[in-house]
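In the two assemblies presented below, subunit A is common to both, partnered first by subunit B and then by subunit C.
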Partner chain A sequence: MLTREQSLALVLRRLAALGRELGKPTLEKADEQTRLFGEAAALDSIGLVTLIADLEEDIRVATGKTVTLADEKAMSRLTSPFRRVDLLAEYVVEVTRN
Partner chain B sequence: MSLLTRISSYSAKPALVGAWGVVTYAELTELIAKARRELVQLKLDRPTVFGLVGEHGPASTAWLLALAEAGHFVAPLSGNAAEHPAKLALINAQWIVVAEAKDWKLLPRVDEPSAHPLFARLAAQGAAGLVLFSSGTSGAPKAMVQDFSKLLASYESRHESDLVMLALLGFDHIGGLNTLFNSLAAGSLLVIPASRSPADVASTVARHRVAVLPASPTFLNLLLAAGVTAELASLRVITYGTEPMPESLLHRLKVAFPRVRFIQTFGTSETGITRTSSPEAGSTFLRFDDPDLEWKVIDDELWLRSRTQIAGYLNASNERFTADGWFRTGDKVEQGPNGSLRILGRMGEMINVGGEKLMPAEVESVVLGVPGVHDCRVHGEAHPLTGQTVAVDVVSFTTDQEALRSAIRIACRERLARHKIPTRVTFVPSVSGERMKKTR
Partner chain C sequence: MPTALITGSSQGLGLALAERLLVDGWIVHGFARGAQTLAHERFTAHAVDVTDEAAVRAAVATIAESGRIDLLVNNAGAASMNALLLTPGETADRLMRVNYLGTFHCLQAVGKVMVRQRAGRIVNVTTVAVPLSLEGEAAYVASKAAVEALTKVAAKELASSGVIVSAVGFGPIDTALTRGVPKAALAKINDAIGRPQGTTMNQAVDFIFARIVAPDLKSGSVEYYGAV
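Right after this comes the complex of A and B.
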């Protein structure tokens, strides 16, 4: 299980790495309020799918747990966990708690 | 001149070499005569189904040809012995020949003679039958029956050649049998390696000065990864088929083997193996030059009709054959200029990312070109955001997987459309099967 701080660090670190890959330096300066997906967001759908896949790998390395972040359950939430960095970090805490 | 007449005419030339030593064409002719005599002693009063268990070798070859000559039906069975009983039962085999090196055992098998109309039809025509198995989509083997007499006759016009060939595909595979019959018809020496590992194949090539190597792109990639190219200096021709050739791999092969001519072959178990030509050197496009083969493209799928195609399946419907004899290959192709074609992969392997489509082969070609990647397989994964997403399994010995994952995505971004970039990169110890396995 991960704390909120650990989870947030994972997300930000991964986002920065993706930013270097994509040539989008703004992602390296992301914070809790950075919008991930949707209007005026940092990532397109392929970028978001990539971020999620890499995060799942990070979680496996950090906790030994194989988790699926993007599933129907996550998609059908009223507030998408993929909308903002803080929401995603909290969702990671929730998923790794089980 | 029939294949048997040709074989006996080559007399003192070496025909086969393997762990059991060298066997000349004269010795092979003797073995065929011995098998023929034993067959007569069985006093069979009708065409009979035989299972022929064994790998490439003198005894298995002799029995295959003796059974064809006598108009019987034969199913070569190699590899995993656990699968043999089910296959023998499926074809109602009455006799089993267990062939090893220059020896064999004949075992009766208690079963009702097959009443299958396919066998009856061939028997009525006085034709021998060859039964080959392919893994069906459900995993259960499909038994394909073809006119063995007609197949063997198709090798009668081969020119004599002294180029040494190597048998990489098995005795139970249309590609392996094609190599065998080509080599025998040409009076060449066929070399049987101890195993299909790159190291064994390379040392066998060096020892017997092999000139012609028929192989799959996957195997050729393994040869490059194993670093054994120095041992392969005798090679003059590499034929490749059974799966799409990634352009990046073909390029690396040409650099590693500057003196080798690369020839693409194309075949399906259903329609046989066909020689093709490339419109230009280094192209992954091909053109069919076989007067016995007709082709057309319907909705991006390749359809074939050949003189040597199978008569049908024993245990599956002929739904992939049209009433007028066309075989729907299931291969997705792209048409180039002047009747050239490029195999893109299997129709079912198309990945659909949010409505935009791609074939695994085009991504694999780029990923294989990234330094540090030894092999890879691309497949589609269901994803709630985009329907499907592109995933790649990568074999690498790198210590910095994070950096390689990045390098792979950056290379893909430079060469591929956005939706084709792998979102999931997984490092695995090995990848199974052929890249985009096509032979059924």
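Right after this comes the complex of A and C.
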């Protein structure tokens, strides 16, 4: 499993890479409170999908586990784990613990 | 060497396309429920039922671990001819699961790999029976219409990631399966698409292959072999 710090580092590193690729420098300065979708969010819907797909691969490389982040369990939560960077990092910890 | 994944590769169009890609230098992975006879150093057979989401994901993850996936051909399918009012519900359910859901599972699993690569091409196999609204094939036509709709939406969603999604459709291809269909029924369809002589396997493979390698293939396109 990944610790919260490791998960957070994965998410921020991937966001920064995405920022360079998409020409969005704000993503390179993302922090725990950065909103990932919704109003004033850092990503559009396609950007969020790309982030999730990339993160699943990062998790596989880091842990050897093939995980699906966007499953029914995640989508049916009252507080979406994809809303903010800190929530996503905590969700990655949860998914890799199982 | 580019890598392709073809579903329904144990026979018919899937097998013929796999052979063509191997001749052209591709690495080919094939999904089929049963045994696969194709033997080639660049071919890997996977015993996968495309309706089994977990099995599809696991097999795609295994392929992706060894490298890229440049091409997915969603060819696995099932057909049934029957009057609408006589078609058992379980037949309609099976066709939707194999033709639509099977395509959905493979497209989703491979689509993620291609989004990570920021490149890839997905070709879904459909049928001229959709634009012809062919009588006697309601359940089949509905399942393939779903595949065409999925193709168009997927093309939009994946375009910004460099993934091209398209569909190709055929009339009856000359195989052992269609040789069992009454000649009059085949002639009616072939006449309707301006191909009274029918469609050979080589013609079908050529048609798909041209789109696989076409540099300007339009994402979201649905093209039929014949005058539809």
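Please note the rule applied: the second predicted complex is superposed on the first by the 98 of 98 C-alpha atoms of A that agree within 3 Å, B and C clash if a C-alpha of one lies under 4 Å from a C-alpha of the other, contacts with A are read in each partner's own complex, and residues count from 1 in each chain.
Keep this in mind: a contact is a pair of C-beta atoms (placed from the backbone, for glycine too) under 8 Å apart; a residue touches a chain by one contact, two chains touch by 3 or more.
Not measured: the values here are computed from a predicted model.
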Notebook entry, point to check: Should A:Glu39 be classified as contacting the first partner (subunit B), the second (subunit C), both, or neither?
Noted result: neither
Next item on the list: For A:Arg20, select first, second, both or neither according to whether it touches subunit B, subunit C, the two together, or no partner.
Entry: first
Next item on the list: Identify which of subunit B and subunit C touches the larger number of residues of subunit A.
Entry: B
Note to self: Going by the contact rule set out at the top, does A:Arg60 touch subunit B (first), subunit C (second), both, or neither?
What the structure shows: second
Margin query: Touch test for A:Met75: subunit B only (first), subunit C only (second), both, or neither?
Written below: first
Next item on the list: Please indicate which partner A:Val49 is in contact with in the superposed arrangement: first for subunit B, second for subunit C, both, or neither.
Entry: both
Notebook entry, point to check: Looking at subunit A, which of its residues have contacts with both subunit B and subunit C?
Noted result: 21, 46, 49-50, 53-54, 57
Checklist line | Residue ranges of subunit A touching subunit B (in the complex, touch as defined) | finding: 17, 20-22, 44-46, 48-50, 52-54, 57, 70-72, 74-75
Next item on the list: Using the touch definition up top, name the residues of subunit A that touch subunit C in the complex.
Entry: 21, 46, 49-50, 53-54, 56-57, 60, 66, 68
Notebook entry, point to check: Along subunit B, where are the residues that touch subunit A in the complex?
Noted result: 353-354, 383-386, 389, 391, 402, 405-406, 409-410, 413, 418-419, 421, 423-426
Check: Considering the complex alone, what residue numbers of subunit C touch subunit A?
Finding: 57-58, 61, 112, 115-116, 118, 157, 160-161
